[in-house]
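Structure in structure tokens, see below.
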Amino acid sequence: MCLGVPAKVIKIEDDHALVDVMGSRMYVGTIFVPDAKIDDYVLLHAGQAMTIVDEEYAKESMTEWRNLLDDRT
Amino acid sequence: MCLGVPAKVIKIEDDHALVDVMGSRMYVGTIFVPDAKIDDYVLLHAGQAMTIVDEEYAKESMTEWRNLLDDRT
Amino acid sequence: MIELERFSDPDLSRHSLEAVLEAAEKFKAANGRSPVFMEVCGSHTMALAKTGIKARLKDHVRLIAGPGCPVCVTDQKSIDAMIALSKGPDRILCTFGDMMRVPGSKFTLMKAKTEGEDIRVVYSPLDSVKMAEENPEKEVIFLGIGFETTIPILALAIREAEKKNLQNFSIWMTTKLVEPVLRTLLDAGEVKLDGFLLPGHVAIVSGKRSFDFLSKEYNMPGVISGFEPVQLLSGMYKLLQLLLEKKVDILNDYTYLVKDEGNLVAQKMLDDYLEPYDEVWRGMSTIPGSGLVLKEKYASFDAKKKFNVSVGEPRKTKCRCGEIIKGTITPEECMLFAKGCTPTHPIGPCMVSTEGTCAAHYQYMRED
Amino acid sequence: MIELERFSDPDLSRHSLEAVLEAAEKFKAANGRSPVFMEVCGSHTMALAKTGIKARLKDHVRLIAGPGCPVCVTDQKSIDAMIALSKGPDRILCTFGDMMRVPGSKFTLMKAKTEGEDIRVVYSPLDSVKMAEENPEKEVIFLGIGFETTIPILALAIREAEKKNLQNFSIWMTTKLVEPVLRTLLDAGEVKLDGFLLPGHVAIVSGKRSFDFLSKEYNMPGVISGFEPVQLLSGMYKLLQLLLEKKVDILNDYTYLVKDEGNLVAQKMLDDYLEPYDEVWRGMSTIPGSGLVLKEKYASFDAKKKFNVSVGEPRKTKCRCGEIIKGTITPEECMLFAKGCTPTHPIGPCMVSTEGTCAAHYQYMRED
Amino acid sequence: MVRRISLAHGEGGELTHQLIQHLFIQSFGHQDQTQFDSAILQGPFENIAVTTDSFVVNPIFFPGGDIGKLAVTGTINDLAVSGAIPEVLTAGFIIEEGFPLPDLKKVVHSMAAEAEHAGVKVVAGDTKVVEKGSVDGLFINTTGIGRITGEHQLKPETIREGDAVMISGTIGDHGVSIMSARQELGLLNEVQSDCASLNHMIHKLMQEVKGIRIMRDPTRGGLATTLVELCEEFHCTVEVDELAIPIRDAVHGACDILGFDPLYLANEGKLVLIVDRASQQQALNLLNKHPLGTEAKVIGQVTAQGNTAGKLHVRTPIGTTRRLHRLSGMLLPRIC
Amino acid sequence: MVRRISLAHGEGGELTHQLIQHLFIQSFGHQDQTQFDSAILQGPFENIAVTTDSFVVNPIFFPGGDIGKLAVTGTINDLAVSGAIPEVLTAGFIIEEGFPLPDLKKVVHSMAAEAEHAGVKVVAGDTKVVEKGSVDGLFINTTGIGRITGEHQLKPETIREGDAVMISGTIGDHGVSIMSARQELGLLNEVQSDCASLNHMIHKLMQEVKGIRIMRDPTRGGLATTLVELCEEFHCTVEVDELAIPIRDAVHGACDILGFDPLYLANEGKLVLIVDRASQQQALNLLNKHPLGTEAKVIGQVTAQGNTAGKLHVRTPIGTTRRLHRLSGMLLPRIC
């Protein structure tokens, strides 16, 4: 359930934003992510941004996982 | 003005009749020719029979004209 | 019907033609010029052209087309209004096919249809009543043009709509009557005529008697005639005979369809629903009592009252339809004829209707 | 976004897979059998199948698809009602594409459309609000299926319609909540599980905390996971680690999108417009409080109240979607699978939705 | 089970595949033609003739035929009147979502039957399904390829004064049959569309009659428009005799009621030809012996040829002539 | 003056005549082809290839092309992938009453330009105008005839294990460009339709590369459906590598947003071919040098041939394989 895709915020207008997914763009609602800023990534679902991606956490998570994999071998 | 064509009455229903013009038929109104009977010819205009053709008169008229032409020569 | 078919018999037609030519020669011998007749009816114009009679008689009888094509005599502003009428929302405009290509100042109905308006060609006004019944959410408007033959059918359509209590049906009435326009033409005296070939189908409704004013008041002979070649020629022959015998009379050469008193049922229908109106005619401006409109009590079926259509002054063109209708010029005298104005790109209504004088000339009279 | 893209990196995916396989082997060594996990979310089912992870893990981790495809869990009568709803006059039915081919007892929405009903596929529920605005003469009804991720957007659509004071917009609500259905499954005890791969996008709205009941009340570990191969594998690895270390906990392996408390704006939207309802689930009958419907004060936007749709008892088929959803059988155990039932001629909803367990098996798991 | 055509039938996936396999290939029997994206025809060919037409007739079924039969005969006739022997057809279907599958089958079977009867093969096809409301039921395009062996026999440049103008039968049948089938104007009659493949008859004619200058099939625009086009294109003036033109009574009747001229009504199985006067009788005999030409008539002759010629005249029953023009605008019923 | 197409333009009369004379004949330059009802092509021809397609694309104008260009390239490509050299096209127009004449001109000019560029002639045409609402704007059918000289070079029966499967460039461009142009789903991007005539590139390939087994253009149904059909038709099993398939980022992005699979999106200027492994590098070099093949890739190989073969597999990034089927039903955006 709930197809979602991370999209980069390009432009903000009231409760809408233009977002970009690898060069395909769309105007989406931002009512659920009032703090979204330009250059943020948001998770897009059915025309609405549902959350802001925390890039720091993502990097951490990735680093941690890589380390875990490397340690394993 | 007023394209008209003689049509033969084939069937009568209330204020409508089925008429025939050389094999093409149509349901037309007969409100203006309350006396029309089956086998009568009526003059058809815009979906209504506008008068009953008096065949006797037509014959007379034709005979008279032929005579006139023949007399002439 | 064997009898009526004989009126288009080719042999008989050729014989009849000879008789007419002979009589015309006699007229010419007696008067030093060819006789000049007006065929009032557009269907006569068309039949005379299509059968070749007009072409064959060219140098012997001058036939002038009269104001008898309902499309042609409708004035430009009225045509513009009908086209404008098509533009409203949620409406279906119903019309006889004849109106579709008549040029308004900017547009034709055909073009309005092409641009998306809902315009339907019907064969009978009653079909438009049925359409109103089947499309209750739409306003259905019938463009009520016509002469005496057609007007009772328009009244009948109103009667049907009334019976069915339809709120969404109306007629845009712009009808024309023969007597007033002939009086106007004769009073103006611009066209010199020797007699009239009178419209057989109008006479079915209005009766032979309705033409007696011509002989009685204007000293003008006339013959009521049918539309087949033999009928046309017989009518013309009898008209020539009247002239040769110097009798002024109205003859009924269409007795088998036309009664003295006309069709009383149809006349009653007119009386019940309609009343006289001062219609505007193309090229002749307003003629008092020259048309019929809905009585006040049927105002709810009157599209002119129901819809607020306002149009500006019509665009001026070089079209001389007004004069064509009055019979004061022939199509060839219009500089646009067959050049700027053709049936495919008509400038005036006379080039559109197959009954129009210019169209009949273009289609059937030109050899080149 | 460089960082998120790495979660689908092929090399890293293959490395991650090895780690999972290793951990699974350890589990097998320790327990004498493979671990059994349920991925709750239909998008997980689909991603596991499409990426080939499920096929690769087949003999090492048993992955059971849970009740997480909103199309699949909707009971047959409800689907029949939605299709029946399309049949009324002057209405536009709007839906997510997923619903179009779901078989009702007699019909699909696609077929209803083919037969002439006005059914439109939209990308966002807000698009249907716009459609209602643009078609004031039509009733526009949105088929509101969905789990926690989607429900706030349905509430938002109502808010928009309310703001715009639309009289012709309504939603046919048939939403589902994750917690009640997981409780029901666990209470029934028909499926023996070692842990859950938890739906990352639902958790965005409901928060990590909303899954704590699993560990606390059912002694069940779980990991909230994303949908890219590395995220899926990392989640599974962590779940295996919990098991190997015999820890019962709910881990958030999707911290960069999912907060402990979830999305408070979305939660408030749910509170404002909706209230709990005892939804019927395919194969599981009614589960108390397992869905959300419009509060009484928004009844005018509630299509169930606005339209009187009555449908008979659904047609019985041999489809075993109910059991598929509960995870008690695999698609291959259904005698219709890949024979009478294919994505082109689906018998049950699980074969329709690309997230449906049967469809995912058909499209991505069969080698033959 | 599937009773109507859906958008999915046109998406190129499984349903398209099934439709092609189970309906088109079975009906047209061109299994061997489907392994490439084009049908491959074994040559060699000397010259070939190519023609295309789309068919949008409404209603789809009418007395004497249907859109499928028409799509075959129409294109076959365009090849045949060009002096070619029709060999193969392609068929492109554009179908409205929701179109009844049984109707589609009927149409396809009718195409297959007519193609077989005419001895041509349908070798390639295409199916598109469009949203409800984007097309009115079903449109079909057919494109035909014909073979011309030896020298091309039609030599319009040899038209000369005195050549005979002939028609293979009654005019206006198709136009009136469609008008009646449409049921809009209230017309009732038993006139059948003349819709027929003329290739066999024309083939005979070409084999046996010398001096055929040009042939046409007078479809849209009718006999008048076709003849006007011939006159203009080949700089000849033609005079036809109004009384010689064969017209069914019921067609006359329909035209009288509605104010149409039969000279402008469509035909779908008639041949107009200009032939050396010396061959006129032979051509007439041959046509009259063929079932599709029993009412063939000489209807006029070429009265002038050259740069100043190029008009169509009709001789009226009273012996005058008048000029005929191509159809102006469109056919509209006339009342007043 | 005339700004829109009216029904009268399709009645076969004067307006039809004008449209044909002033638009079609002028644009396509086939004056010499119009004296008969069919175009006569000078032979001799050895074998010929024939194909037909109707084009119903909505919208009519889209980034990278329009319905006219598409109607030309689509049919040219079907001929070219069949191993034929496209020679002539026919064009059948079905136009909605009220269609803007300037748009029609634009489309016709675009057809003419593409035909010229591809070196084919439009030799026959047909125009029908239907009532407003009976068609959605404009549909075009094109039928193409190609020449096959010498022996037909495509020999699908020689497909064998190890043969390379190639694609000439990125997939899904046309599908995404149309989806964006349609503006229904809110998608915005600069993806251009790949709509292009492949015949020159294919001609080169056929001349220089030995061992081309079969070619296809993966249009409706996308690369997956086209490959499934090849596998079934020619009894071979193919394995493609998901990571090897060239896909533009913006196409990926659009698919991610809307839940589509690029393998099923339409292409209008792409070539799929199966070629002898020995020629694979030569074919790739040749394609890469051509402007329409710069991103050509080997995407897989034939893994089995024979009666039990006939499936399409895809190798996933993690190294497993799964089977691909043809498009089921139709493409629908997916949300939940």
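Note that the chains are named A, B, C, D, E and F in the order they appear, and that numbering of residues resets to 1 at the start of each chain.
Here is the rule we go by: a contact is a pair of C-beta atoms (placed from the backbone, for glycine too) under 8 Å apart; a residue touches a chain by one contact, two chains touch by 3 or more.
Fair warning: this is a prediction, and the values are worked out from it, not measured in the lab.
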How short can a chain-to-chain path be from chain A to chain E, counted in steps between touching chains? 2
Most remote chain relative to chain F, going by C-alpha centroids? B
Where chain E and chain F touch, do the two copies share over half of their residue numbers, giving same, or under half, giving different? same
Measure off the straight-line distance from the CA centroid of chain B to the CA centroid of chain E, and report it in whole Å. 37
Report the inter-centroid distance (CA atoms only) between chain D and chain E in whole Å. 58
Please work out the Cα centroid separation of chain A and chain C, and write it as a whole number of Å. 76
Spell out, as numbers or ranges, the residues of chain B touching 2 or more other chains. 1-3, 45-47
Please output the residue numbers of chain C that touch at least 2 other chains, ranges allowed. 42, 69-70, 96, 110, 123-124, 127, 146-147, 149-150, 344, 355
Mind pulling the residue numbers of chain F that touch at least two other chains? 6-8, 13-15, 186, 259, 325, 328-329, 334-336
If every chain is a node and every touching pair an edge, decide which shape results: line, ring, star, complete or other. other
Just spell out which pairs of chains touch, all of them. A-D, A-F, B-C, B-E, C-E, C-F, D-E, D-F, E-F
Name, in rising order, each residue of chain D that touches chain E in their complex. 110-111, 113-116, 344
Spell out the part of chain C that touches chain E in their complex, as residue ranges. 8, 10, 13-14, 17, 42, 49-53, 55-56, 69-71, 96-98, 100-101, 110, 121, 123-124, 127, 145-147, 149-150, 229, 342-344, 353-355, 362-368
Which stretch or stretches of chain C touch chain B in the complex? 1, 3-4, 6-7, 12, 15-16, 19, 22, 41-43, 68-70, 96, 123-127, 146-147, 149-150, 152-153, 156, 199-202, 204-205, 227, 230, 234, 237, 253, 255-259, 263, 265-266, 269, 355
Quick one: in the complex, what on chain E touches chain D? 4-8, 13-15, 97-98, 132
Touching residues of chain E toward chain F in the complex: what are they? 6-8, 10-17, 35-56, 58, 77-79, 81-84, 88, 90-94, 123-126, 128, 130-131, 133-136, 139, 141, 143-146, 148, 152, 154, 156, 216-217, 219-222, 225, 229, 233-234, 264, 266, 325-331
